[in-house]
Amino acid sequence: MQPFSRSQMAARAASDIPEGWVVNLGIGMPTAIADHVPLDREVIFQSENGVIGMGPAPDKAHENPWLINAGKAMVTLRPGGSYVHHSDSFAMIRGGHIDLCVLGGFEVAENGDLANWATSENDSAPAVGGAMDLGAGAKRLWVIMDHTTKDGRPKLVDQCGYPLTALGTVNRVYTNLGVFDVVKGTGFVVRDLAPGVTLEYAQSQSAAKLHTT
Amino acid sequence: MINKIVQSMAEAMEGIKDGSTVLIGGFGSVGQPDALIEGLIEQGAKDLTCVANNAGTGHVGLARLMELGRVRKIICSFPRSAGSVVFEELYKAGKLELEIVPQGTLAERMRAAGAGIPAFYTATGAGTLLARGKEAREFDGRDYILEKSLPADVALIEAWEADRWGNLIYKDSGRNFNPVMAMAATLTIAQVQNIGELGTLDPEKIVTPGVYVNRVLRVDRGAPWA
Amino acid sequence: MQPFSRSQMAARAASDIPEGWVVNLGIGMPTAIADHVPLDREVIFQSENGVIGMGPAPDKAHENPWLINAGKAMVTLRPGGSYVHHSDSFAMIRGGHIDLCVLGGFEVAENGDLANWATSENDSAPAVGGAMDLGAGAKRLWVIMDHTTKDGRPKLVDQCGYPLTALGTVNRVYTNLGVFDVVKGTGFVVRDLAPGVTLEYAQSQSAAKLHTT
Amino acid sequence: MINKIVQSMAEAMEGIKDGSTVLIGGFGSVGQPDALIEGLIEQGAKDLTCVANNAGTGHVGLARLMELGRVRKIICSFPRSAGSVVFEELYKAGKLELEIVPQGTLAERMRAAGAGIPAFYTATGAGTLLARGKEAREFDGRDYILEKSLPADVALIEAWEADRWGNLIYKDSGRNFNPVMAMAATLTIAQVQNIGELGTLDPEKIVTPGVYVNRVLRVDRGAPWA
């Protein structure tokens, strides 16, 4: 059994992004997806802080501390890129103009619910950032995350236990075990499994039914 | 390679359906996509709801489209102006539906559509004839009315310069309704005077990011008519 | 009796605009006010179509057909001027950032109501333009108009008969007979009368009580 | 002559009252008005409600203001981040009120305040913990919640260049919250790196018209810290 490495997960997600899409990548694992999209496949990466058309991280000689992404890392602007302010940036996000958003997740439910911002109802100071805006506003929402928590609990679930970020909007989940579509009325549908990972094994690591077809 | 630049008017107009809601940019003739309106006349879509600041003048452009019986309804702030003869006649004959919207509310309703806001409250029009049938509500002792967003199928807009990503730069007072209309429509078609290589438009001057633009057609329009 | 001419009315209103105000002038008589503000008294004229910091009309050699005002006349941009789109322009108007708007009027009532867009309830296609936005949004609303209609009916009234543009927001009225403040709880207060115009005469031309002090 | 340029920090901070709601621009350190925050610390106003994307890091700037007990409440989208030690401590001790707002809702609530919109509907947060106590409503079969505008007494912002009318141009990702905060506050104070003669700023590049700015202080800040 060869579960996908993080880099392989990111590459797998990247390979599913066609040219021309406007894409917002969450902080952490999602950000790595951009590294796997070749520059000649023109994908427009948008960042909440108003950068449209981000390019790769600059080399030392071209660092520009005024140009950062939502993760506060220095980035570059591609030819054709532009800047907007926060309200215009989120108008773009909330108005359905982002073709795809990829976020990390604590849990994804078979109805497409996402929990990724607070680990308990009692945590009164969780950091939500732009996750709820992206979760509700993007045309497509993919989640990239390990299939289970570090202590082995499933993260694909029949119902989220953690507080929700967005309701019913996840379309696909990339994990170390495979790729799973979230289909309205059906639930998780296996699209691909990592080499050597059987459906039975993936199911045993999930707390929701995995469908085929 | 992303390339939103189309080579012909037919390509620019492709797929506009009967029954569409069409936003038409410009204020006066500045920023008005004259060529695209002609293209729409040629293209043939009918039963349209048109949204523009005015209801057309003379017998050209929007007025011509109306005269041809292709417009079912017009949503605007200023229907009657010098030369709005076609509107006057059709409206009097009961052949045209009209929705009058205060100019700022018109712009904001389109911005809301583009920004994912289905409805918002405004003081504009509260207590007037234009508040009829609208929900009223008090906030902090002042009266407001609820206005719904105004999404559209198509936006026809004009800009000064574009690149193949569809980024747009305007000239002087040429912005007006164009950037908000670009946000509010599913299919945004821009008529531009100039096309620059990707990367030549100053990122700090781009007002409409290409994200909002689907097709760009270069038209050497010259100066707006007075 | 020397009632103010239109030019004198505009000059009178202009003299009451201090340096630094952001001012929107309605189409028609209000537009003429700008001509009476000397350029060295810096007043920022805003136009609904997104021009901030308009200057005087251009001479023939400097005409720019891309640069017009809300009345669709060619204007200039002063050093320090800028452009915004329609939604941003009306955000400025509706958000209370315009220090003063001056509009024409059909009627002004003693409670500050303005009627200036439709001449009857039955006119189903009147042109409202930006009048309701300006009437509701500007910090101060002045009206400049003849004291009576052409056939002699008063335009300062106890209650508007024409459909309203904005409710209770007029602060001052400039007419050919004088200048009248609209004071909450009092009504019209005479601020100034044209040379030779008596209070009695002005009152006889008004359908609302004119107060002094 | 309009001249919004002030010569000293004391002049910039004049009149900020106890109990004020203060907006603080920037995203990360880009566009963050560090000098003005220091000026506010010096100025002394207390019992403040501060609005910013984060709740401060380390023991400088906003964190320092909080540490000094001057902040009653913080409204932000991302309170807990690496280094938000002062926030953590005060919050745990019950010495700081917190309102968590999704980042886009935060920006839009300020834009609404600036645009005369007392409230608007949004899908963001609908059905989540952050919808508690908020009115819910369906439009076209989708759930939305009502969000109120967020007006403020003071905005502290940063920009790249200004002129004496208060027009502002930003640099790269330096716009972020600054332009919307400028709209939302009664008193907007901008810290800028450069001041140009009136007329030297490109009118097509001015993002914040001086109409929204009350005071400008030149501060040679240099590059944002990483």
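Each chain gets a letter, A, B, C and D, in the order it is written, and its residues are counted from 1.
Following the convention adopted for this analysis, a contact is a pair of C-beta atoms (placed from the backbone, for glycine too) under 8 Å apart; a residue touches a chain by one contact, two chains touch by 3 or more.
This one's a predicted model, so the numbers in the text were calculated from it and none came from an experiment.
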| item | value |
| --- | --- |
| Pair sharing more residue contacts (C-beta pairs) when B-C is set against A-B | B-C |
| Whole-Å separation of chain centres (CA-atom averages), chain B against chain C | 28 |
| Distance between the centres, which are taken as Cα means, of chain D and chain C, whole angstrom | 34 |
| Between chain D and chain B, distance of the C-alpha-averaged centres to the nearest whole Å | 33 |
| Per-residue multi-chain contacts in chain C, two or more chains | 77, 83-84, 90-91, 93-94, 136-137 |
| Touching two or more other chains - residue numbers and ranges from chain B | 108, 111, 115-117, 122-124, 170, 204 |
| Contact pairs between chains, per stated definition | A-B, A-D, B-C, B-D, C-D |
| Touch list for chain D against partner chain A, complex | 27-30, 77-81, 87, 91, 98, 100-105, 107-108, 110-111, 122-130, 143, 170-180, 207, 223-226 |
| Footprint of chain A on chain B - complex, ascending | 1-2, 111, 113-117, 163-165, 167, 183, 198-199, 201, 203-204, 206, 209-212 |
| Chain D contact footprint on chain C (complex, rising order) | 19-20, 22, 40, 42, 44, 46, 52-53, 77-84, 90-97, 136-137 |
| Residues on chain A engaged by chain D in the complex (per definition of touch) | 47-51, 64-70, 72, 74, 77, 83-87, 89-91, 93-94, 118, 121, 124-133, 136-137, 163-167 |
| Contact set on chain D toward chain B in their complex | 108, 112, 115-124, 139-140, 142, 144, 148, 169-170, 202, 204-205 |
